[in-house]
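Let me begin by handing over the structure; questions about it come next.
For clarity, chains are labelled A, B and C in written order, and residue numbers in each chain start from 1.
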Amino acid sequence: MEQMLVNGVVLAVNYALIALGITLIFSIMNILNFAHGQMFMIGGFVVYYLYGLFKVNYFLSLIAVVLVLGGIGWCFETFFFRRMRKMATREENSMLLAVGTALLLENLALSIFGEKQRGVPPVVSGVFRFGTAYLPAGRLLVMVLAIVLIVGLLLFVQYTKLGRAMRALAQDREVTHLMGVNVDRVAAFGFALGAALAGVAGGLLVTVFGVNSGVGNVYSIKAFIMIMIGGAGVVPGAILGAIVLGFAEAIGYELLPGSITYLLIFTGLIIFLLLRPQGLLGKPWG
Amino acid sequence: MAILDVQGLTKRFGGLTAVNNVSFSVEKGAILSVIGPNGAGKSTLFKLISSFVVPTSGRVNYNELTITGLPPHEVARRGVVRTFQETTIFKEMTALQNVIVAHQLRCRASSFGIYFSSAAARADEERFRESAIEILDYLGLSTVKQMLARNLPHGHLRALGIAVAMAAEPKVLLLDEPFSGMNVEETEAAVRLVRGIRDRGVTIVLVEHDMSAVMRISDKIVVLSFGTKIAEGTPVEVQQNEAVIGAYLGQADEEIGH
Amino acid sequence: MGLDINRLTPRAGNGGTGAATENDRLNRGQKLRFAAFVLILLVAVPILLGRSPYFITVLTNAAILSFISLGVWVTFSIGRMNLAQGAFALVGGYAGAILSTRYGVPFWFCLPLAGLISAVLGALIGWPVLRLKGVYFAMTTLSLTEAIRLLALNGGDLTKGATGIVNIPRPGAIDIFGLTIVHDFNGADPLPFYFLACALLLLGLVGVWRLSTSRLGWVFRSLRQNEDLATSIGINVAKYRVIAFAVCCFMGGIGGAFFAAFHQNIYPATYTISDSVNFMLYCFLGGLSYIFGPVVGAFLLVVAFELLQAVQDYQALIYGILMIACMLWLPNGILSLGLRHDGKGKDGRR
């Protein structure tokens, strides 16, 4: 019982990073980042190479992740999505462009990193006990780091100038532009930040689960499930979705055999969407 | 004889009450206008009547039948058809195609026949086309019938919206701000048009801001303010109603009876 | 000296925007092009490439992949981005496999049955899911591909889990009154499968074209362009959405069953998210406004993929680059390049 809770918390907190990243991008630019899972995966690989192979300090590796994925996100927005917006084509084209970026990253990773599953040594050793539950120190570290990052992100978005600009952009693009905000720059930063969050989540979870170049789509789907449950484009929704998915996974994997867990999660999701298509905290459409 | 009977319609969104216990009835063949200052709940009322929004309480009867709770396409099938703001049109079709599509309710051929182009299906197509041309003629759109809807000038878009609604053979037509954005001549033409439609046997309920047009055209007026009905009567009665004047006091002068 | 407005505005032709002409019949040029296509497919290719099983196989794949993508095209025509076609191809594949291996049903019945099973499942799932639009629909359908894979993985004895179903029998002969209309499909010669694939593709094209030009096609167009307006004129939007989706799944199911018999096996991993994405990509590359779009897209990419054998390792990478390039520089697809400046497009407009 306690093990499930402990696992749930670890997962929920890390998944929240993923959910927040995709929510950020969605709320600011109305783009669903299909490549989010691939960004997560690349984050894991950066840590694998730097920390795992070249023995660079773990925290420095995480910073490298932020730079690499931030750079990728910035490039995507600046070179791809901004162009798309200016072309004013159908909405589907932006979506398909996003799918294209996912394809690109996925296959780039496959070419560069190969197919094998990779792992990294634990960052700290030792195990904590909570009642009957075991919590390896590595997981605790990852959990704490994730929480720190989430809090940092929320504070950033709430209180800094750039954060406020992003929130304004999420609310109304036109008005924000008229207020003199450099919309293109804020958008690019927003995308970079969202991508970096995905990457860091990958860099954190690689110490727990390892990484391989095929997990991209898996984590993209997790991100989708979270925002569909919690409500797309709203920060509390992202966190709520992460909590629900994290615990659903923890409980499911503990009690049920193998892949049945996700089968149930999907079934539950579809039934849930039947009743509440906008998610728990999302705005109703129409 | 009342063709449309609105009874105690209420709609609450969270803490906000958009429409509060509104009741009125519409006589068959009448033109009834719903007016009120901005934010009075007029468009919500429209959506409630046509079943696009589910009321929190209350109901709407159409010819003794309760249409509240029916899905919106069913309400349209029964004869209560609403129009939208002007940008609501099938943009990538021509004006003619827009109106032809709207004849869908009048299909006599079966699905099988439609697919395999049976005689009945072809007869349908012929009928729809002729009817569409007639409707477009009636609304003064015959010169632009081959034009893509998204290229149509504003005034024609409004008329096209009405043409589309008329193709669905409404008994009650809910017109959403039919005169908005029109100058004096256009409004005059539109007033004649609406009267003409009524003369063809269609009961009309309209929501509008343009006071002069409303006063000229309506048999009865219902005034809403902050979601509540504050007056109901003939144009003369409403114009002299103190509550109505009070509700509009904050409005610019041009808006009232120019 | 008046201005005739009808002369000035572009005819609502096939300007890549989905408006068909008044006369929804094909003009002479289009009929000729279609006839040419049929001839190439059924006559030229077998004569020229008949000796090369490799090329025939590639073209067979291309033909069925276009057929499956044509289904996705139908969901596009009601304004939804359908990323679940891989799921329904998988359903069809398993349906065909189970029917033939477990119950001995001949292939010629398996094929339509698999399509029907996929269609029914599609209708059931589609009913709630089609209420979603845009990205929400895309996310959900993407997840569906994964969900069906898990279903296949956990299907117990029916689907045989990860090992999949193997030794699926090839199509047998069709004998009517003692006359052999169709011979047994044997392993060595890929031509029978090729002809079957072409037949399916041509039937699919004609079927979808007819759908698109009939009143039903116009209803679909109205759904795509404005669901609220369609509702206000009495169109049961929910019903028609499901019909379109069911047609899509039907085609996916048939394609899946074909491949199951062609490759003689089916696994949970036979269709992945990548495949769902590819079906969509074919439609986009060819041009969403054109019924021939998925065909052009699929043939082009499948053939190009094979020709890129030399850069095998980077095949998929090039795919990704191509997709992005297509989005940025050819948003209306390849067929839109064929537009003459009078607005008339190539055959098979929407």
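Everything below uses one rule, namely that a residue touches a chain if its C-beta (ideal position, glycine included) is under 8 Å from a C-beta of that chain, and two chains touch if they have at least 3 such contacts.
No experiment lies behind these values; they were computed from the predicted model shown.
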Centroid comparison with chain C (C-alpha atoms), farthest chain: B
Chain whose Cα centroid lies nearest the overall Cα centroid: C
Length of the line joining the C-alpha centres of chain A and chain B, rounded to whole Å: 47
Rounded Å distance, chain A centre to chain C centre (Cα mean): 33
Where chain B and chain C are represented by their mean Cα positions, the distance between them in whole Å: 41
Contacting residues of chain A [partner chain C, same complex]: 26, 32, 80, 83-84, 87, 89-93, 95-97, 99-101, 103-108, 110-111, 217-218, 220-221, 224-225, 227-228, 232, 258-260, 262-263, 266-267, 269-270, 273-274, 277, 285
Footprint of chain C on chain B - complex, ascending: 50, 52, 71-74, 76-77, 81-84, 88-94, 96-97, 100-102, 104-105, 107, 109, 111, 114-117, 121, 124-125, 143-144, 146-148, 151, 164-165, 167-168
Chain A partner contacts - residues on chain C that touch it in the complex: 76, 81, 125, 128-129, 131-136, 138-140, 142-144, 146-147, 150-151, 153-154, 272-274, 277, 280-281, 284, 288, 313-314, 316-317, 319-321, 323-324, 326-328, 331-332
Residues of chain C that touch chain B when the two form their complex: 5-6, 9-12, 17-19, 22, 210-211, 214-216, 218-219, 221-222, 225-226, 228-229, 231-237
